[in-house]
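There's a structure below that I have some questions on.
Each chain carries a letter (A, B, C, D, E and F) given by its place in the written order, and its residues are counted from 1.
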Amino acid sequence: MIYITRKEHFNAAHKLYNPKWSDEKNNEVFGKCSNPNWHGHNYNLYVTVKGSVNSDTGYSVNLKELSLIIRTYVTDKLDHKNLNLDVPFMQGLMPSTENVAIAIWKELLPYINALDCQLHSIKLYETENNYVEYFGGE
Amino acid sequence: MIYITRKEHFNAAHKLYNPKWSDEKNNEVFGKCSNPNWHGHNYNLYVTVKGSVNSDTGYSVNLKELSLIIRTYVTDKLDHKNLNLDVPFMQGLMPSTENVAIAIWKELLPYINALDCQLHSIKLYETENNYVEYFGGE
Amino acid sequence: MIYITRKEHFNAAHKLYNPKWSDEKNNEVFGKCSNPNWHGHNYNLYVTVKGSVNSDTGYSVNLKELSLIIRTYVTDKLDHKNLNLDVPFMQGLMPSTENVAIAIWKELLPYINALDCQLHSIKLYETENNYVEYFGGE
Amino acid sequence: MIYITRKEHFNAAHKLYNPKWSDEKNNEVFGKCSNPNWHGHNYNLYVTVKGSVNSDTGYSVNLKELSLIIRTYVTDKLDHKNLNLDVPFMQGLMPSTENVAIAIWKELLPYINALDCQLHSIKLYETENNYVEYFGGE
Amino acid sequence: MIYITRKEHFNAAHKLYNPKWSDEKNNEVFGKCSNPNWHGHNYNLYVTVKGSVNSDTGYSVNLKELSLIIRTYVTDKLDHKNLNLDVPFMQGLMPSTENVAIAIWKELLPYINALDCQLHSIKLYETENNYVEYFGGE
Amino acid sequence: MIYITRKEHFNAAHKLYNPKWSDEKNNEVFGKCSNPNWHGHNYNLYVTVKGSVNSDTGYSVNLKELSLIIRTYVTDKLDHKNLNLDVPFMQGLMPSTENVAIAIWKELLPYINALDCQLHSIKLYETENNYVEYFGGE
């Protein structure tokens, strides 16, 4: 069993704002992240899959295929978008780094399962100082 | 004469869209950067000043002071903001990396001139693959 | 369950020197790290906590709070200090990267436990080529 | 128990080409990586060992010794070499990142076992966008 | 006048070997870089152009166009290639970082001149510790 | 004419303290950098030389020689040292980044002049947020 990781990236706008709360409460909890006119980030995404090594190729997964899956089903849908408004698989979700990572896991899982390997983790950097890692499960 | 540089950063939303043009023309020129619902970046800003070395301090400029000037007059006004909507010194400007860098130069110049050194350059990274550098002048 | 990480940093002096040993033995074991007049590093600290996602905020932990805890109880006490002489929670400890990481874990644990999440790991870079990771326990 | 990591690097040429297959099949599977005249990479290698902290040194392992072992038995044999042609411990192996990482694990294991710690993982970056991690076992 | 830079990359094999010299002389001058079976690098290329800012776009150059030019005429011809054997515009040149940078300048110059800006510099990293910068001229 | 740069590094302790001043004045000017028990940094040093390309080697300078000069005359004398106490060529100088960069220029100049190239600049990073660049002269 070996773990292999592909890095992709996307640049997006978002805001953290709970419509059930007052502006004051939103500002208290989310601070400047609740700016009504949005802000944005260069996100770096690391997708890790695990599998055994194929003796003909030396590959656990073909990274060209993995990269194409990530770009087609995830980063092409997030890049240069508004995470609150533009992304079907983020509808109704607060676009915190945690929720974006979990949504990416759910989008990728069926496509990774169709390959001869398993999805191990989604690591998502919002800035170079903040990142989350999700391994599936509740 | 020695050159000293301070790095600061800000995270902001923007779009590149010329209201004099049709959506098609905007999309042709700016591509996905013209998304009406915005996108965003983690910007890295490098401010370089030049001066002579003070024999009592070994400093050409006190970086605590330089950092405070950059944050007070520039990055605090850009961070977690929308560059098209929220920033007084960007009003009426297309928020391309070029125009943001030039606007930062203009904001900083009087404050740097009040120190015992000269503003040499503004280097602004929009992504790790794209940056501009401005040295003043036309 | 999701894992979230905050990066902070501090710049400090230290030396590795065991007073029970001769200078020769110290030099043999610690090499140039035993220089009696100290040397120093820019340390990068990554604190990872795990928790579930709050449905109102999308947060597993509020990173503003986590960052404030790390700075107040750890990095403000280490930054621009001598790890052998100046830091109450390092007294009597050889300031190896291992021991600094373990001491940071012990300092942070009660404050993280008071949040609605668990401390998962302390990752401490002494240089870009050397780092330790501690997950608690003996 | 604490985990400590040492980074080393090497620059090497390789190609991915299965001699049992036609050129067309090789190109289909490996793409431009099958270029008959080779290509190459700057590889970054992270070796992680785990152990307990020695109370006299504060060390779990002496990184000077660990670095010397990695360079002597691994990176000196890979640096400025052709991974298909020049490396005794890669003979007969497709030099995919997976296989290079596993081969490095096998080379290092007896030397790490002779220290007072255990080999935990080999993390090998082929590019900044692609890396594998191996923890031993089948 | 403003300077704008686009980063691209390529991975290639090469060796430094002067056929007019003996193996001993080649080894004396080029060391392990003269390995007959090649070695390789992940090269990072920074192309800087200068121009004035267009008031309709805020651009000095359209980076999509600049990137396409660099990839079409330079990096697509270098990526996953052997710099001694595979690259028409490197024929007869020792593939030192200096000569690769100068050859890239010559390839790009007519295409940049056809844009409304000037080629300012080619910066080429062979490793993170070694890079050259070329500004044209003799 | 081409410019080539070699990166080296050193880890050192220092403090910024002017003995002609009171502790209060030192704290006012230098802040936490005046901590009497020292602090330290991982310094990154970039030495740039310029020259023409030798047609036999493709080199403007042999980087093995340049690296050896930098390490022998500069970084071996700074690494794991106290910049206020241990370094002959820093005696009597406030070890600000500016003064360390200028002192390195003076140490290297005769050795670079003995090669077939010219010293162009010394760029010294104290942290990833602060660096100075010196081109010689007053």
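One rule holds for everything that comes next: a contact is a pair of C-beta atoms (placed from the backbone, for glycine too) under 8 Å apart; a residue touches a chain by one contact, two chains touch by 3 or more.
The structure presented is a predicted model; accordingly, all values stated were derived computationally and were not measured.
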item: Interface residue overlap between copies subunit B and subunit E, same or different (over half shared); value: different
item: Greatest separation from subunit F - chain, by CA centre; value: A
item: Candidate from B-F, C-F or C-D with the same interface as A-B, over half of contact pairs in common; value: C-F
item: Centroid distance [mean C-alpha coordinates] between subunit F and subunit E, Å; value: 29
item: Mean-CA-position distance for subunit C and subunit B (Å); value: 34
item: Subunit C, residues touching no fewer than two other chains; value: 128
item: Which pairs of chains touch, using the document's own definition; value: A-B, A-C, A-D, B-E, B-F, C-D, C-F, D-E, E-F
item: Contact set on subunit A toward subunit B in their complex; value: 11-14, 32-33, 35, 37-42, 79-82, 85-86, 127-128
item: Footprint of subunit D on subunit C - complex, ascending; value: 16, 18, 20-21, 29-31, 93-99, 101-102, 128-135, 137-138
item: Sites on subunit C touched by subunit A in the complex; value: 1-8, 48, 52-53, 56-60, 62-64
